[in-house]
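Shown below is the structure under consideration.
Lettered A, B, C and D in written order, each chain numbered from 1.
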Amino acid sequence: MLNRKFIPLTITCCLFFLLFGIGSVQFEGFGSTQVFFNLFSDNAFLIIAAVGMTFVILSGGIDLSVGAVIALTGVVCSVLISRYQLHPLIVFPIVLIGGTIFGAIMGAIIHYYKMQPFIVTLAGMFFARGLASVISEESIPIEHEFYNQVSAFGFEVLGGAWIGSSTIICLVVLVIAIITAHYTRFGGRVYAIGGDANSAALMGIPLAQTTIRIYAISAFLASLAGIVYSFYTFSGYSLAAVGVELDAIAAVVIGGTLLTGGYGYMFGTLMGVLIMGVVQTYISFDGTLSSWWTKIVIGLLLFCFIALQQLLIKTTPR
Amino acid sequence: MSLSSNQHLRRYLWPCAGLLVLFIINAIISPEFFHIEFKDGRFYGSLIDVLNRAAPVALLAIGMALVIATAGVDLSVGSIMAIAGAVSAYFITKGVDSLALIIGAGLVAGLIAGIINGFLVGYMSIQPIVATLILMVAGRGIAQLINEGQIVTFDHPGFAFLGTGSFLGLPFPVVLVIITFAIVQLLTRRTALGLYIEAVGANPSASRYIGLNEKAIKMSVYCVAAVCAALAGMIAAADIRGSDANNAGLWLELDAILAVVIGGASLMGGRFSILLAIIGALIIQTLTVTIILSGIPPKYNLLIKATAIILVLLLQSPLFQKQLSQLKFWKNKKEMNNA
Amino acid sequence: NVQALTVGFAQVGSESGWRTSFSESVKAEAEKRGITLKFSDAQQKQENQIKAVRSFIAQRVDAILIAPVVETGWQPVLMEAKRARIPVIILDRNVAVTDPSLYLTRIAPDFEVEGQRAATWLTEKTGGKCKILELQGTVGSSAALGRMKGFNATIAKFPETKIIRSQTAEFTRAKGKEVMETMLKAEGGGKNICAIWAHNDEMALGAIQAVKEAGLQPGKDILIVSVDAVDDALKAIVSGEINVSVELSPHLGGPAFDVINEYRAGKKDFEKWIHMGGAVFTIENAAAELTKRGAK
Amino acid sequence: MSQVVLQLQNIHKKFPGVHALKGVNFTLRAGEIHALLGENGAGKSTLIKVMTGVYQRDDGDILLNNQAIFPNNTGDAQALGISTVYQEVNLLPNLTVAQNIYLGREPRRFGLINWTKVNQDAAQLLKGYDLDIDVTQPLSSYSIAVQQLIAIARGVDMSAKVLILDEPTASLDADEVQTLFRIMRDLKARGIGIVFVTHFLDQVYAVTDRITILRSAQLVGEFETATLSRAELIGHMLGKELAALGEHKPQAHATSGDALLSVQAISRQATLSPTDIAVSKGEVVGLAGLLGSGRTELCRLIFGVDKKHSGNVTFHGQPVNFSSPRDAIIAGMGLCPEDRKHDGILGQLSIRENIILARQVKQGWWKFISRKEQEEIANNFVKELSVATSDIEKPIEQLSGGNQQKVILARWLAANPSLLILDEPTRGIDIGAHAEIIRLIRKLCDQGLALIVASSELEELVAFSNKVVVLRDRQKVTELTGDEINPQRIMQAIAAH
């Protein structure tokens, strides 16, 4: 017997495969492992950022700064690597630590000054993007042997699909996140704060420490997503990844996590990203939609999906 | 009594103080800032421009304040602006001359959008961010579809009056904000609606026991927000005498939310003040003017904006106020020691 | 060839009237030639464009057209295309790649040249004496950077031609109007301003409204210089409100398909940059161009 | 005499506009059960929150084993060995029962939480409270009373030196209370000091060793339970004699006999089997039963909160079919729910707004009750129910628990219903106010109001019911009237098999 709390997640998974199936029937080449694994490699940075976002949303908060942090990370990486000739393996720890501190500061402001996450992270978004454009308005290419090696790394699976380093990184992140969320005390605290921060505090949960950690993790993962993004594009650009925060939020929510906090699963977030990716792939395979129809169809598909999800979850006998 | 009026005042104090500080900074940067003259039957001056330019965001903020009071959020208002602008432009270019018809069409378009949002949030219990994300994405597409991807320019002096006309010396958009404010304020504060909205936001479960129809209330706030957005969209279109479906209202939903929060509202729902939301919109617009006036290269815009927002919000935080006063205390002490 | 060609086209989005004309022109051209066009709109996001290109590769299209959002970031996906032996043609903005064999050719105008031509016209017209208000495009976009560079390099030779205020108006009409309104106020109503230099027509069209509302006559009291030459701008030139607009031709589809055909016919080395020159439109030639476009 | 574990000296705490503790002293010894008593709003909960670091004291010292401590939050207090069950059930509805019990101290294996052990231990622990429930279900699927037991189990399980229980028995049945007392005596024997807050004087005498009494934020004194008479105790708490409260004896009052509400075979799948109930004008019908017997369900079904699956309801002689509480309110009913925090208070709204809302809904949104009238209504009820507040504009969340309960009662009284359903109406209300409310209920009944009261307190049911309906296993088992209404008969009916 399936545990009833997993029903929504199962329904979401089924709908994903339904969508994928429809595409495969309709278009030649859609139902290939290549297209399937492209969903991972194309969205690796989004999966990583959305995993961070899941922690934040589970705790009842929100982090609007992830897109900007991705851009800032890319810009800093490319400047340090291309202009200052530092080795990427020196640069990565720098940006990851920098990102983590940035997140921790946002978390501290949210907790100590009792400010709303939405606004603090919105300011954080302006700040990170602003800093990125001050560092460099132009996009900077990254040319480094290490990047070529990393991007060449990977292995082929059946059907000619390629599992590259980004896919591997994002899956590792996902597994660690699942363990953290569901098998550590920290994970329990995140859910607790999301359920009711006041009660959690009265139960002895260290609010300050947990909140700061949550935003630090989100920003750390956003930085990591920035690094993965830089592998994706071999460059850093202050206008990169605009609106990724909204994509990440949408993915988390489609994956069944409640925005008010306290309910949801890491794995659902992966499904959320994949579903949005399939919708996009579907549209580009179709290739006849004009710009505006693209938007309308994305909106409609999103709606159909969520409506179906709601309907199935509501009518499933408990 | 004393307590309540005191608390009431405190809510207004900090946003107003923030606005004043920005005004003063502007006046320092540009001495002309406070200069207002009366010319051709209307007032001119930077301050009037701030009011005028803040009008669309202020309209959005009025609706957004209500939505946020129910613990929701409406991401689609920017797109609704685009739709309303496109619809009215469409009617004008199709040769419709009646101003009532044109404006009516825009408002109806907005209302339909609001009903969709309200239905998704209220009756289908979809989370507000995603529910309105749908229309945020699709709405802009619909607007572009109406415009066939072009910027549709038109020439209709009557409609253009919405954006560039003036009434009693004030720019017409400002007049529209005042009228909308008055209507919404009347509806929410002279009837029980405002209280109902706050109750639903404060505790949805308890509201059910009191007999409040949560669904209908949510539906109505999303409709108000969408109609306000439609009005803002028509002002924006009238202002440039053209409907720019791709850019009209782009990212303005964030500004509107920001305005409401700067006005001291909580995104978790509950208490709202429309006047404070409008003050929030003024703060944002003044900040934009400050940046333009200062002549600092545009690449610093976002950094300045981020800093200013954090400062305005910090000023409202009790802990920060306490820390500030301690700082002053220390300074005084030092000076005393020195003396 | 019997089998109809399938071509993937990764477009930036539909952020301006010019961009839409560009998309439509490519689509019309493909239809005329019986080519199946897979059109993808990236909504101004590079990651979406890369995804689209990768799905074109998965579909095994015959050729890919990319109108990049930004210059950088194309190396990995172009290498994939090369591995799949699908020729790539870059339209409009440039791509920065170390290995030029990754794409066949680029068909595009030159943003710097556009800036230069705008500046040249202005300095000639004013005799090198001019106070300019600049409306920049989106911060960091290559069109804004290129046009700024070309323009500034040219006016640098004229010490009395100066940009006294510069601010971004994000390539939009509404922002153009709003920013100009404030700038004019800050410059004492704009009486000492000689020209407005806008990075595109949309901003210029917004700016002329602001100028009018400030009680000045655009095109006379203040010269308006801009880029793109979209229909609305030509109309404004005819009515004397814009002085000059440097054309940015949206008809990049035809030459691109020509290149594809030549490539399939066996030609392998192409010029790396096929320039699409544009005319400079002023009151003299705008009306004629308008009737020509209307005829098409 | 055993040694002092916790000592509070000269504690002061101010909130904006309220001086909630004025120089209070308190001493807790190891191995004693110490009652902390006082009227609603006297400052009991505030004192407890100061002890455990939820609030920071403005002045005074806290000594634990003669060492000054400065807890900054509950976590610090727990680390020091002080475990607390706060007044409102403060657990997490989204987590499972087991997660709630072990939150923050889950047993681990290889650094990862061992969920099997968590669930087993939790189930084992709850068995000690005669609670045989599925601990892997979310907490929210259990009634408030069960939640309270879970909170107690958690608190007790964590207590190392000091256990603080703030009104733990407010919604428990006699049986559960006995279980709790057994456990408290166990802990006492193990040398743990227990602070126990309650408004039930019987419980004070049943289990405590000493008593500290607060009145209006000040310490009245510390007493030995054995030597303090009930009358003296009440005198200390209220600052006046018990006689002033009026008698506390059952008193028959007339009913008109006109049927007001008649419910036939109302039921809902999985929550209530078909049940009948009839109420006449001026009548009080008591609902008795054990935890989970279906009292709350019955109330919710009548009021239209949940949809009934079968059955007929006649109200005022008319068949009615409420699809929402709103219909019921307009028809003239009111329901005061049992979960105050979740279903009752609108935390950020003022006392005034909380009071007038139900009446406003009844009138319709466009007939706005004028500000003046609102203030009048609110002030009247605040006075009549003696709500301890300086100002009706205060957010209700700043009131003490008992005072919040009074405001919610006022809300329903203000709506002038002809039938009022009260689910555990006197939860957390002090004895003075308790007598006040009972008197008020009687007065209203004399004016023709009908009442359905679900209560775990048999004394209370006996005190004012004309009829008692007993539920067991989500089913009506019997109906008692007239002389049958006495605690023994009710107990028999509840327990019989």
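In the analysis below, contacts are C-beta pairs under 8 Å (C-beta built on N, C-alpha and C of every residue); 3 or more make two chains touch, one makes a residue touch a chain.
These figures come from a predicted structure and were not determined experimentally.
J.: Using the touch rule from the top, work out which pair, A-C or B-D, shares more C-beta pairs.
T.: A-C
J.: What's the farthest chain from chain B if centres are computed as the mean of the Cα atoms?
T.: D
J.: Using mean CA coordinates as chain centres, what's the chain C-chain D distance in Å?
T.: One centre to the other, that is 71 Å.
J.: So the centre of each chain is just the mean of its C-alpha atoms; given that, what is the distance between chain A and chain C in Å?
T.: 33
J.: Could you grab the centroid distance between chain B and chain D? Build each centroid from C-alpha atoms only and quote it in angstrom.
T.: Result: the chain centres lie 43 Å from each other.
J.: Return the distance between the CA-based centres of chain A and chain B, expressed in whole Å.
T.: Inter-chain centre distance comes to 30 Å.
J.: Which residue numbers or ranges of chain C touch two or more of the other chains?
T.: 13-14, 20, 23, 139-140
J.: Mind pulling the chain A residues that touch 2 or more other chains?
T.: 133, 137, 290-292, 294-295
J.: What are the residue numbers in chain D that touch two or more other chains?
T.: none
J.: Judged by the touch rule stated earlier, which pairs of chains are there in contact?
T.: In this structure, the chains touch in these pairs: A-B, A-C, A-D, B-C, B-D.
J.: Considering only the defined contacts, which chain A positions touch chain D in the complex?
T.: Residues of chain A touching chain D: 5, 179, 183-185, 188-189, 191-192, 194-196, 198-207, 262-263.
J.: Quick one: in the complex, what on chain D touches chain A?
T.: The touching residues are 54, 73-75, 77-78, 84, 86, 90-95, 99-100, 103-106, 108, 111-113, 115, 138, 154.
J.: Under the stated contact criterion, what part of chain A meets chain C in this complex?
T.: For chain A paired with chain C, touching residues are 27-30, 32, 34-35, 38, 42, 45-46, 133, 137-141, 143, 151, 229, 231-244, 277, 280-281, 283-285, 287-292, 294-295.
J.: Inside the complex, what are the residues of chain C that reach chain B?
T.: Within the complex, chain C touches chain B at residues 13-17, 20, 23-24, 136, 139-140, 165-168, 170-175, 177-179, 181-183, 185-186, 188, 202, 205-206, 209, 213, 232.
J.: If we count contacts the way the header does, which residues on chain B are in touch with chain D in the complex?
T.: Chain B residues touching chain D: 1, 3-4, 7, 190-193, 195-196, 198-199, 202-203, 205-213, 270-271.
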